[in-house]
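First chain A sits with chain B, and in the next complex the same chain sits with chain C.
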Partner chain A sequence: MRIFSLYILNKAGGLVFQKDVNPGIAKLTANDYLVLAGTLHSVHAIATNLKPAECRSLNETAQTVNGQILSSGKASTPNVNNLGLQHVDTDYFSLYVFQTLTGIKFVLVTSPVAKQDHSHESPLSTKGELRKQYELVEEYFKQLYVLYCDYVMKDPFYSTDMPIKSTLFEAKIKSVCEA
Partner chain B sequence: MSDKIINPSVPTLGSLTINDSSTSGFGYNPSVGPSSNAITKETSSALLNKRAVLTPTSSNSIYDRSLSTKKSQGISVSSLAFLFCEIVSWARRLSNSILDLENRLNGLGYLIGQKYLELVKLREGMKYGKRENKILEILQFIHGPLWRAIFGRTANDLEKSQDVDDEYMIIDNTPLISKFISIPKDYGNLNCSAFVAGMIEGALDLSGFHAHVVAHSSPIEGLPQRTVFLIKFDPLLFTRENIHFS
Partner chain C sequence: MTIYSFYIFDRHCSCIYSREYTHTTPGNGRTNVNNESDVAKLLFGTLYSLKTLSLKLDDSQSLNSLRSFSTGAYRVHFFESLSNFKFVLITDLAVETLQTQLQQLYGVVFVNNVIMNALSPVEFGSAKITNDSFVRLADNFLRLLPVFE
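Entry: the complex of A and B
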């Protein structure tokens, strides 16, 4: 798996950081990136409300998780994106969304899950591959989140929800994501 | 549900109101802001029961421990980074130029440097029964034991300026305090280690070596945060040293 691009969205859907870490993806204009981020944010928000009746219980899970975090100050997983759009898998790329408790979204665009040559492959094994890549990406998200907490939130020259200009952060992102 | 679209995954945080308070007395309530962490009657008793280290009233607070304890008390780098971040923001709000900002940070560090010099001297028990009275000795003391007491390791290098006689340099490859700080382009050559420069200046001044210390960034390959502390001594010191030791 190769990571092509990283987007960071603030809680209102504004693009605060965009970086193409590995070649393999077409460059867009700055405006296009903003539009893309806004669209993704809206789709995610709509997806959150589009859930079948049997998923109602999931909502309660989110509440208990938040309650737990509020009372103990500890979260079991940093990813609270359990109701919205989580990943999109296509033949040309995969897209993953990670959301923090404060509503910041990390979006990774990666190479697609390796295609199997055997045409009569059982669908189950492809599902296993998808799962594997999803777990791998989760690990990346955790590292990126830590970097964000360190090099962005502890920088006195950064104001919340504004574009990230930290050169240190950029360098660290590069070293984590570059294959 | 319509008001939760902005924050889709945090339904409970969004529905918190100002009157909601955490049962344990702790915890950040986003709808109240920083004051939800304020110390009130209830939270202070909770703090006391937790035997918090930094509370002056709890029985095992940092103030009740022996000053001369050799064991170093580690603190969290994260908390330090957040505290220093706030210090820089605060100084930046008050200052009207980059130079002013650096002077403020320097001034804050100055007081800490003075206190730390005394503390380190006390802890090492006035080794050899004397104090440093030569320029080189005091520089080695700052580069070695003082640096270790503050940052947990010695500084990376101690050099004498090749061009000017009265200038020395202490070099730190990975300054702890500005580990996470990246200076925006429009701030020119500001270096937040001015705070540490102030600490060096305070320690030097208190031991009778009047000097002016400035922090300069001099990044090299692989060490983007490398900082040089340029120490410019008062010329009178060299005259004094000549009379005393030659």
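Entry: the complex of A and C
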């Protein structure tokens, strides 16, 4: 798996950081990136409401999540809105969204999950491929979140929700994502 | 592995077929009940936005098509024919790919029973697919998939 780009969205859906780490996806204009961020932000929220009535997995409503945090002192998973958009799979790239407790979204664009061979296809033969890549990406999200906390939030000259200009942060991102 | 529902949208953004399957309660599910509902509209809007997004971010010359998107609770599989009919299946997360199945559903069931049906309109307008043989064959096709239940 190759990481193409990283976007960071503030809690209002504004783009605060955008970095193309590896070539592979189209370069857009600054305005298009803002539109893209806004689209992802709203689609993330809408996807929460599309849950089928019969779908009984995940009893992670806001109450249970908050209850868990209050009783144990920490969240079981850093991704708060589990019901929002998580993964978009297309022919040429995969896009992953991770939302932190404070509502900041990390968006990673990666190479797609290997296209399966259609000759001897069966839905069970590729079982777990998407899941595997998702777990891999989650590890990256954790690392990126740590970097964000260390190099952006602890920066005394950074004001919340504003574009991230730190060169140190950019360098660290590069070293994580290019590996 | 479960298939929750199946939608078809035409090129004028209207939902021409909606089918919900029931798994927990006995019964046959509902057909063409949700066509005008917010769920169908939001689903179309989401797919439309993600489709434009995937076209925009694509570097190569060939057309990039959206295959699926997922949340923590469900996955939506998407296939669009050249005539812009959009086929959408909502399943649980264990079902990872249904691209070939959707293509078959389009090529075998939809083309033979809706497109080639002389009584079926070319432009649906506000009409829906109420064609019994299509409903029956599409149901059979999906129910026979190993991922259905």
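The definition used in the following text is that the second predicted complex is superposed on the first by the 162 of 179 C-alpha atoms of A that agree within 3 Å, B and C clash if a C-alpha of one lies under 4 Å from a C-alpha of the other, contacts with A are read in each partner's own complex, and residues count from 1 in each chain.
Throughout what follows, a contact is a pair of C-beta atoms (placed from the backbone, for glycine too) under 8 Å apart; a residue touches a chain by one contact, two chains touch by 3 or more.
Bear in mind the structure is a predicted one, so any value in this text is a computation, not a measurement.
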### Query
Given the superposition on chain A, are chain B and chain C in a clash or a fit?
fit
#### Entry: Computed vertex angle (chain A) for partners chain B and chain C, CA, steps of 10°
170
### Message
Just to be sure I read the superposition right, which of the two partners does A:171 touch: chain B = first, chain C = second, or both, or neither?
### Response
first
### Message
In the overlaid three-chain picture, which partner chain does A:67 touch, first (chain B) or second (chain C), both, or neither?
### Response
first
### Task
Name the contact category of A:151: first (chain B only), second (chain C only), both, or neither.
first
### Task
Using the touch definition from the top, say if A:92 reaches chain B (first), chain C (second), both or neither.
second
### Task
Classify the contacts of A:103 with the two partner chains as first (chain B alone), second (chain C alone), both, or neither.
first
### Query
After lining up the shared chain so the two structures overlap, which partner does A:14 touch, if you call chain B first and chain C second: first, second, both or neither?
neither
### Query
Of chain B and chain C, which one touches more of chain A's residues?
C
### Task
In the overlay, answer first, second, both or neither for which of chain B and chain C A:43 touches.
second
### Message
Tell me the contact category for A:128 with respect to chain B and chain C: first, second, both or neither.
### Response
second
### Query
If you take every C-alpha pair with one atom in chain B and one in chain C, what is the shortest distance in Å after superposing?
11
### Query
Both chain B and chain C touch chain A; at which residues?
48-49, 82-84
#### Entry: Complex interface listing, chain B residues touching chain A
1, 5-13, 22-24, 26-27, 29, 78, 81-82, 84-86, 88-89, 92, 180-184, 187, 192, 224-225
### Query
What part of chain A is in contact with chain C in the complex they form?
23-26, 28, 32, 36, 39-40, 42-43, 46-52, 54-58, 60, 79, 82-93, 95, 109, 116, 118, 121-124, 126-131
#### Entry: Residue numbers on chain C that touch chain A, as the complex places them
2, 4-5, 20, 22-24, 39, 42-43, 45-46, 49-50, 52-54, 56-60, 64-74, 76, 90, 92-98, 100-101, 145-147
### Message
With touch defined as at the start, can you tell me which chain A residues reach chain B in the complex?
### Response
11-12, 44-45, 48-49, 59, 62-63, 66-67, 70-71, 73, 80-84, 99, 101-103, 150-151, 154-157, 165-169, 171
